[in-house]
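After this come two complexes, each holding chain A, first together with chain B and then together with chain C.
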Partner chain A sequence: MVKGIEKYGVPVVHMATVVPISLTIGANRIIPGVGIPYPLGDPTQGEVDSKKIRKRMVRRALKALQTEVDGQTVFEKDNF
Partner chain B sequence: MKLELGKIKINDIQFAEKTYVKDHVLYVNKEEVEALVLEDDKLLGCSLDIARPGDKTRITPVKDVIEPRVKVKGGEIFPGMIGKVTPPAGEGRTHALDGCCVVTVGRIVGFQEGVIDMSGPAADYCPFSKTVNLCVVIEPKEGLETHVYEKAGRMAGLKVAAYLGEAGRDIEPDTLETFETKPIFEQAQMYPDLPKVGYVHMLQSQGLLHDTYYYGVDAKQFVPTFMYPTEIMDGAIVSGNCVAPCDKVTTYHHFHNPVIEDCYKHHGKDINFMGVILTNENVFLADKERHSDMVAKLAEWMGLDGVLITEEGYGNPDTDLMMNCRKVEQKGVKVVLITDEFPGKDGKSQSLADTCDEATALASCGQGNATLHFPAMDKVIGTMDYIESQIGGWAGCVNEDGSFEAELQIIIASTIANGFNCLAAKGY
Partner chain C sequence: MAKYKIVHYINQFFAGIGGEEKADYKPEVREEALGPGTALVDALGEDFELAATIICGDNYFGENLDEATDTIIEMVKKYEPDVFVAGPAFNAGRYGVACGTICKAVEERLGIPVVTAAYEENPGVDMFRKDVIIVKTGDSAATMRKVLPYMVNIIKKMAAGEEILGPEEENYHERGIRVNYFAKERGSERAIQMLVKKMKGEPFETDLPMPKFDRVPPAPAIKDIKHAKIAVVTSGGVVPVGNPDHIESSNATKFGIYSIEDMDEMTPDKFTTIHGGYDRQFVMENPNLVVPLDVLREMEKDGEFGELVNFFCTTTGTGTATGSAAKFGDEIGKILTEKEHVDGVILVST
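Then we have the complex of A and B:
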């Protein structure tokens, strides 16, 4: 799906836990997820902190979407 | 560690007044087995049925398959689950009732429970179409949480297998074999001129009903460790998972791991089988990275020349498989992978979710997406109610007469990723 959408010139951020698979399938902008059962958040941290994690990841994804990349890039931190 | 394994050939199961083995027939006291299962207050009902090879019988949804066994000398069967954890499995003497199985059946826990057909085209794909099966059909209490139901079903199967195994305690086995692996330095010195080979055994441990137990420890909670192969042959590992039926490693398959069996056949002839590195398939990237590093470290530390790696399940565990492959190869140890494939119904998709440059040798156990016609059967043990939602089925796949179409992955152990079955890939 990532490659199919990008083929039409629309950039995609792939947010998933298993980064090696994101790299194998050819995603260009990758954000590592928290875990397979809960990629965007962490219920073990409670609902309030889980939402903070989610918000931070979505903001990072929106920034990555607007960032020019030279080949496959994994955005592990917020400051780029 | 040295294990004597005696096999008592069982040709039939029959219900009787008491439970015993005579002239290769296992006689079973139905009431005692049902009472044993219903000791668990999570289960409301239990009924037993016998399925024999060639019967026009379908068993579904199947949870686990277990061979009845008893420890004659040494520890207790299924240590950490229903037996004491000490002394450990893998030593002493064990008797197995060879040719018969306990099959746990009942309303689905998740959606990944499979089908066993005792005859017809699907029987060719399933090892348990060729065994005489005592089916333990369980009925859970209303409103039970799924993980509680899963545990009740798992424990019921183990208890029944241990109970039946007792019938073989004082029977002289038809065959008696000895398996032994020595401590690392002694083992290395035993065959100094042969290549030192190890087995990297990946256990399903994704959680959410995808679990395996090592001496009673949930496999997602351990870090990679060394095991003597005889421990695995002797019940140290128990299945507790609802992974896709086709590559579910049942508790039966842990007893009969084909990689271990074949490595022992070659042990001292063309390889020196040094032992097993046990690892898991967790759902966090850090676990996958840390544990594949540890697998590679153990392979190097054991001085191995080559390893065989198997996985359980497909999808994200393919990444664990490839990480193990890459990191072990980078230590200078040769790797051969054993797995099954999922290229989609049309066969056009990439058949593993992940790959790496170091994966240059792979034995395929066939592919699970090919479809098959399952004819109607005279008898169903369990229920056909869930076929359309069991993995491999789809909405509308069941016909009015009880026949259905489904992918091979609905059949228990059809493409099991350790090579137990006969499917393979052909190169063109």
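Then we have the complex of A and C:
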């Protein structure tokens, strides 16, 4: 799906827990998810913190979309 | 004569421990054959013994790749097997990746021959086909009986140190390894035969298959985020409660488009997930874990980006054919670019 969309020329950021799969299918901008049953957030830390984690990740996703990449890039940290 | 020893790796499901709710099961050793291991032992005959079965939950492995690999390596080492076997994983993606990862590690670190098995569309196949022998299977465990003789044959050859033949003969996924041999006919004759077949429209087999470059170059970055239109797409199976379009919980044949207009967050009374490949309890309670509408609306209000497309596109990513996924991507891409003129897409996968 990532490639199908990106071939129209819009950047796609793939937020996915199993990064090796994302790399294999060919996503160019990748953000590692927290866990398979909860990629964006961590409900085991309570709703408030979980939402904070989610916001940070989505912010990182927007930043990744604003970053030029010349190949597959995994954005592991908020600062890049 | 001493028996050949094998150690077998399987996931929590094939060990009979449980489904998704047990997917975070930590690595464990049992000195008995379990699940597909029992059929393997029967088929291998009395020259072989299954020294141990190692069980690990697919999520645990996927989320703790390095740690899980190290733990399992230590477990395998203790038994000094002649051959290490993993799976078959059939079309289970996380399981296939786990089988490939652990096989590669056992071969590299312990120098023990390894074999696993999976369906051609399992992501583990493309990731590890060059590293390990992956016997071909169908897309479900129903094909176990067909796979078994090929696995057994390879295990026996590995144990005895005999030569494993090519992917055609032994029924494993092509590894991209070239082996020199003397052909019956010289190159010019083969070329003419191929050309004649091609002209007649008959199938022919090339001597040198071209690699498949299935890549899309990265699209240019968003220049002006303050005015950018962003869309959310997911393979996490989030749908309106009641699943109005009957999207399949596995092997999806369609995707859905659902409105999020005038909503500040994804609420569990309106949305749920029908994904058949992970423990759904967290997302059913809070669908924002997959479609992060709550934080996107806040960021939209705060001017962190221009605007959010007022719908999201969704399907189920488990067991779904890569061909179907490519088709969904194409259709979604068309809608998002031609109708919505989006500047960027967030795609969330579980």
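Convention: the second predicted complex is superposed on the first by the 80 of 80 C-alpha atoms of A that agree within 3 Å, B and C clash if a C-alpha of one lies under 4 Å from a C-alpha of the other, contacts with A are read in each partner's own complex, and residues count from 1 in each chain.
Keep in mind that, in the parts below, a residue touches a chain if its C-beta (ideal position, glycine included) is under 8 Å from a C-beta of that chain, and two chains touch if they have at least 3 such contacts.
Small disclaimer: the values here were computed from a predicted structure and weren't measured.
Student: Identify the partner contact of A:I30: answer first if only chain B is touched, second if only chain C is, both if each is, neither if none is.
Tutor: After superposition on chain A, A:I30 lies in contact with neither partner.
Student: Which partner, once the models are overlaid, touches more of chain A's residues, chain C or chain B?
Tutor: Of chain B and chain C, more residues of chain A lie in contact with C.
Student: Thinking of the overlay built on chain A, is A:P11 touched by chain B (first), by chain C (second), by both, or by neither?
Tutor: second
Student: Figure out whether A:P20 sits in contact with chain B (first) or chain C (second), or with both, or with neither.
Tutor: In the superposition, A:P20 touches chain B and chain C alike.
Student: Where on chain A do chain B and chain C both make contact?
Tutor: Residues 17-18, 20-21, 24, 35-37 of chain A touch both chain B and chain C.
Student: List the residues on chain C that touch chain A in their complex, please.
Tutor: These residues of chain C touch chain A: 20, 23, 59, 62-63, 65, 93-94, 97, 101, 123, 126-127, 214-223, 225, 228, 230, 233, 235-236, 278-283, 285-286, 288-290, 292, 294-296, 298-299, 304-305, 315, 322, 325-334, 336-337, 342-350.
Student: Give every residue of chain B touching chain A within the complex, in rising order.
Tutor: 206-208, 283-285, 288, 316, 318-319, 322-323, 353-355
Student: Give the list of chain A residues in touch with chain C in this complex.
Tutor: Chain A reaches chain C through residues 1-18, 20-22, 24-29, 33, 35-41, 43, 47, 50-51, 54-55, 57-59, 61-62, 65-71.
Student: Please output the residues of chain A touching chain B within their complex, sorted ascending.
Tutor: Listed in rising order, the residues of chain A that touch chain B are 17-21, 24, 32, 34-37.
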